[in-house]
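Next come two complexes, and both contain chain A; in the first it sits with chain B, in the second with chain C.
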Partner chain A sequence: MKNRIGFIMKIMVCFMLILPISGCWSRHELNSLSFVVGVGLDKAEKPGEIQLTTQVVKPGELKSSSAKNKSSESGTNAYWNIKKTGYLASEIIKDFSHESSHKLYFPHNQVLIFERKLAEEGMQPYIDTFIRDIETRFNVLVVVSEDRASEVLDVSTGLEKLPAINIAKLVETQKITSESPTVKLIDFIRRLMSKTTAPIAPLIRVTGEGNEKTLEVFGTAVFKHDKLVGELNKRETRGLLWVINEVKGGMINVASSSGDGTVSLEITRAKSKMTPVIQADTILIKIDIKAEGIVNSQSGSENIASPDIVFSLEKKLSAEIGKEIMAALKTARDLNSDIFGFGDSIYWKYPSEWKKLKMKWDEVFPDVEVALNIDTKLRSTGNISAPAVPAKE
Partner chain B sequence: MRLEKGIISSSQLMFLVAGYVLGSVLVAAFTNTVTKQYTWLVVLSGLAVSIPLALVYVALTRKFPGKDLVQINRIVYGPYLSKLVSALYIWFFCSIAGFMLAYLSQTIKDYMMPETPLFAICILFTCICAWTVRNGIEVLARTSVIFVMIIIFVILITFFLLLKDMELTNFLPFFDLSLKDFIQGTHIMMTLPFCEIVVFLMLFPYVNKGVETKKSVILGLLIGGGSILIDTVRNTAVLGVASTIMISPSIESVRLIDLAEIITRLEMLVITLLLIAMFIKVSVMYYGTVLGIARLCNLRSYRQLVLPIGSIIVSLSMMTFDSLAQSNDFATRTGPFFTLVFEFSPVITLLVAKIRKLPK
Partner chain C sequence: MFRSIHSKLRFWQLANHNGANANHSENSQSNLFDNLNKNLTALKGVFGNSYDLNMREFNFGDQGLTRGAIIFLSGMTDTAIINESIIKPLMYDIRLSSRQETSLLNNMSIIQATLLTVGMVQKASKIDEVVDGCLSGKTILLMDGSKEALVIGTEGWETRGLDEPKTESVVRGPREGFTENLLTNTTLLRRKIKNPNLTLETMKIGERTKTMICVAYLKDLVPPQLIKEIQRRLQRIKTDAILESGYIEQFIEDAPFSIFSTVANSEKPDLVAAKILEGRAAIFVDGTPFVLSVPMVFMESFQSAEDYYSRPYFASVVRLLRLLAFLISITAPAIYVALTTFHQELIPTSLLFTMAASEEGVPFPAMAEALIMGTTFEILREAGVRLPRPIGQAVSIVGALVIGEAAVGAGIIGEPMVIVIALTAICSFVVPSQTDSGTILRLILVILAGAMGGFGIGVGLMGTFIHLASLRSFGTPYLSPFAPLSTQDLKDTFIRAPIWAMFTRPRTIGWHDPERQEFRLKPSRPTEEDKS
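Right, the complex of A and B next:
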């Protein structure tokens, strides 16, 4: 008898267990969510207010295979930019519920765009919610735009249906030239939390008019704490990237040794190391750079495939890299913003001396001496050894 | 009279200890606010300090073979004082189970199910633990073997997937920690993850070969400590200074895994890890409480106590902390001292036993 009751109980429990399988308490069905792929923050007209633009995906439009024709303008963009103004980003995000029938869903956000004017006033108050919120991720790319972020999020090139994805891929592609940094939110936070190292972010702007609008990434925005103080141009940016070991590729032109045209060299590999040396009262930062490159093109007719000429090209390449670094250093000194992380490197090696330096780092930084030791190797001359010209007699 | 019919082998004990220590793998993040990038160092020093204490626990159980903590207290402190000491211990086990449950449910609520009420998570989790405790020590020991292997596997795989994001400069400068912070960090590490194994004094009598207890406890501690070490090294190397402001650095660092945009968003692995590690920890504490009360009141079986104690643990976990800030504060300031009292008193028990020349 007892066994039978036990058996019936077990069966009943099994049936009851079916109920919780079917659903979950705080479920979010796919058709009640709006996927945010890009967020832009602009200064609003009223002082202290910001305008937040979020780009959400329209999944239905995304699927239609017919290539979208810009001229038809039938309103079939695969995205929808929602804009609202307010005082804090988190507040505005909640306010979007007045316009969007779907709940905004942030984990797939690709890019965070700050208008330059806003960044100049300080980003800390606005970036906080993107760090604190559970839904957001640290892989998000941080970008500063010269134009209004809402405009930038509206430029579609036709390669991607979603402008935000386009921007994210554009920023990632910059490693081909190493003339613009790729900054993820986690890198930005780490620099923001450092006492001396200044955050950086790539700069973006809209070029062209009307339907011909495209985006261009140019140079680096330089911050001091959370405020934008200046910018580096493309060449200076690569100078910075050489020092912080972020160069992945790029082209450098040097004059050929016989004065006959220029030789274009491509960087294939780069590695750098920073070592501070404190002697008496002077601070010296030693920067060792090892780079490898190949000959990419040549405008003259000289046969450069000889060890001597390769050696002189390597010399010139080293000098060119040195110039780039010095250019970046000069701008950083002018802006008094330690983008290279010299302060941190001193702290890592000389923690006790750093305690004294920490207080007056702003005065010390412009006078820090830098010694460069650049070692370059040209590994190959490409498919050909000599240019396609008639052999010289 | 044996309250528990089950017997566990010494290797099962090793896994049980390892799993128990690993239950605090995410709790270790509390020290990040104190010790910054040197958490790995205090994990090592905490482990080193806790091994002598673990040896004391083993020595105590060797001195009184086949006796658990309540019985040992009765022999050493006499019939009246021992009741008080044992009752305090039982309260300690019960409250730690409650705190752990509170931490677990708060984390799950924060990172997975923000709209689910806390008690739903607590009750479901405690139901599983209650079921395990009712089935006895053997079941718990056998599951722990599998679970510990899963946990170690997850920790290792996330470590290797994050290798490319690691920066060794995050550990520099090598040692720039004030002595006070170092001692505080070591103290937290020693008391919270490692020395809470004092509850195993309730379990030692059920190990089949008493002689090997020492070896398995030390090995278990080393396995658990080693895994916590790998976890903290990973977090610091990946997040750097940012790990000091994160509520849960493990989840945040694993979130950064991005292997060719295919293997991404693995943070659920960490939550799973937390869930199964906490299962072992809460179950052992729960088991210790139930067994202790049964022994204290001279009951013939502990089974009828399982559900009432479970409901006490659930309500304790709901009542103790109002917010994660409170539980963080408890873990860094009050908790280590609260637990140290109980973790250190077996040493006194051993000394008293030596002085009174017990057992006769």
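Right, the complex of A and C next:
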């Protein structure tokens, strides 16, 4: 009995000793951390050097500024941008500890902003630490900015107190129009690591001057491997998104069938499927798109609620979608950048043929044939069928 | 640790054992004398000078030649019965009868048979029996020249009326609760189960208190082994006092060192009746409204009498809510501590900023905060329970102000922690029978979470589950019907199936007679046969 008690006591003492030893190595109280919400990379003056801007939150200000409302808008910001230059992103991040009394904490980082100039030189050397580090996440949004990233991270609108959060939300809101892609780090890397598929990223720029500064998303940056080679405008971007099954919504204007004004059609649902077909030496990519929409507005006075007119509107919508896709395809061909993932789809369906193709894909890609099969349906004319016009006698 | 204390206690007990036992054995076996004076002196010797002891000597018989005495403890007896049914027949009615006095003189049996108009009369020939009877409120009739005494049932004392139980109030369902009187309690049970198989076995436990214990069960339903085991465990209790059923519970429970109770208790007759009807046994203890029932399973803590009285949908939702609340009450502070000190990446971004803003400038680590607030809450709760109601309100006002306002305002405690502790506090009251184990578990989990984060919580919960699965209550696995899994008994766990669908008793408890009701009892439209 006595031995047993001794044994149990020993185990309990050991267990209690384990608690302080094992614990706490990764313990950080909330008030000893600085939460990074945005990271920007710019080209520095010295060649090969970069300037890293991290935006950290000042939670106290975040809370008090909401309480004080707009009266103290000129007061302190709810964020702090730390800037440092160096050769490696990871090195600069460690260097931040000379300036920040709190440990920088990256899991809540929302956006990764690359300056366009930097992207044109190649992103691979700088992106590695954001993938490799255990604290960073793959669902960070990747954005390419026309202006300097440090400047972009300082543009605050009235809606969000943190510019980085503002950028992240801005990019995600693009789903409404489908005129700009939403690219997460994981998507970017996946495309980067693919043999043929080219990475894409939304492009943003600063518009306005002084206090009126705002940010604008305008199209897509197109990469070739890790270097930015060109861009797609908004219309072409939607063409791209149609193909890669990323269209979530958007508005397309078509001329009314009687020539009386235009009809705005809103996309409510879209689905696309890509099937490569190799026959002899020609490569054909079949793209099937199914889209549903509703009538959003109409500028003419024609009553469009008849099967014939709806059918003609559907046909026009299909044609418009086709035009968008062809526009995107043309730019991609010009840039010789396989942003659609044609190469990967061939690799999945024809692995043996792909072995031959993969060496000369750059030469083959501009000549790939594309067949579109677009099927659209208008589901509703909205709350009204006939437009609100004065009754004719 | 408990074991070592226990062994020390035992050693100390053995050392004093011989001295303690000597007091009891004095004149316990001696017989009554045939001389009234001698008997009275002997009884006076036993009772001493207690002021509530009444010895009324009187002469009776048709010529008043026979000497007798009645002895009773006032306050424990019903004087009306004594006056009307004992003294009056002996002193007055006897004169009206034509019986010869001599035939009465030495014959207690005739008095018992013809004169006393009381329901319960027994003969006794030992001083011991007489004293016992007197102490339990009976009246002793002694007669000069007789070596026997009559022990007459005249018990009657002040009792509390039937009241709604304070601990288990219901919205729908019977509102009567058990009282401190054993007879009342067993009567309440009999009125629920009018069945001759309902057996009420009694025994007296406690060398000094001689407390009546009653084991109630349905003879044809309960496994005989269970009753044997209950009796074995009850009979080995050799203690001097049983003041409440909690004493019995601690003497008979299966896992005395566990934080989980393996004996259930209730104040409600309908609940105890339902348990007996499932094949359990109930243990009544005189002097307390809390009735024990064994075996107990963990799931019982989440079942309430009202579940069965309200309709199944709502009952099931409430059942799930209770499980959720129990889970919240034991894990919420631990999860908060783990999230804020180890896994900040798991908190949604905007919530994290709000939390970080509240924690800004708070001087303590999250674990210390949780422990401080948890302790403060437990102190407040304890103060509220013990204090008289008017002062209790003052305590709650001070508590709410101190915790809710001042601590946060002064920046000592973060606001989210106050919310977490408040939520925990409310949730801990949802499952009353696990409040005590929950409090201890919560403390352990907070410390584990503070040291090892989510891993610590995982370890703690896993340890708890392993422990729960190892427990048994009178042979029934504590986690049944989950472990061992009995699929048909899941009807009364997370959900509460309609009454008509519960046609079997729980397999691990009522296996002796598993069928509760007929199979096809679902309400249905009348068939052609019914109509004709």
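Basically, the second predicted complex is superposed on the first by the 359 of 393 C-alpha atoms of A that agree within 3 Å, B and C clash if a C-alpha of one lies under 4 Å from a C-alpha of the other, contacts with A are read in each partner's own complex, and residues count from 1 in each chain.
Convention: contacts are C-beta pairs under 8 Å (C-beta built on N, C-alpha and C of every residue); 3 or more make two chains touch, one makes a residue touch a chain.
No experiment lies behind these values; they were computed from the predicted model shown.
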item: Touched partner set for A:Met193, first chain B, second chain C, both or neither; value: first
item: Partner chain in contact with A:Met359 - chain B first, chain C second, else both or neither; value: neither
item: Which of chain B and chain C A:Arg137 touches, first, second, both or neither; value: both
item: Touching partner for A:Asn31 - first (chain B), second (chain C), both, neither; value: second
item: Touched partner set for A:Trp348, first chain B, second chain C, both or neither; value: first
item: First, second, both or neither for A:Val13, with chain B first and chain C second; value: neither
item: Touching both chain B and chain C, residues of chain A; value: 24, 26, 107, 137
item: Residues on chain A engaged by chain C in the complex (per definition of touch); value: 1, 4-5, 8-9, 12, 19-20, 22-24, 26-31, 33, 35, 37, 57, 59-60, 62-63, 105, 107-108, 110, 135, 137, 165
item: Partner chain B, residues of chain A touching it in the complex; value: 24-26, 107, 134, 137-139, 186, 189-190, 193-194, 344, 347-351
item: Chain A-touching residues of chain C, taken from the complex the two chains share; value: 1, 3-4, 7, 340-342, 344-345, 349, 352-362, 365-366, 447-448, 450-453, 456
item: Residues of chain B defined as touching chain A within the complex; value: 110-111, 113-116, 120, 169, 172-173, 176, 239-242, 245, 252, 255-256, 258, 265
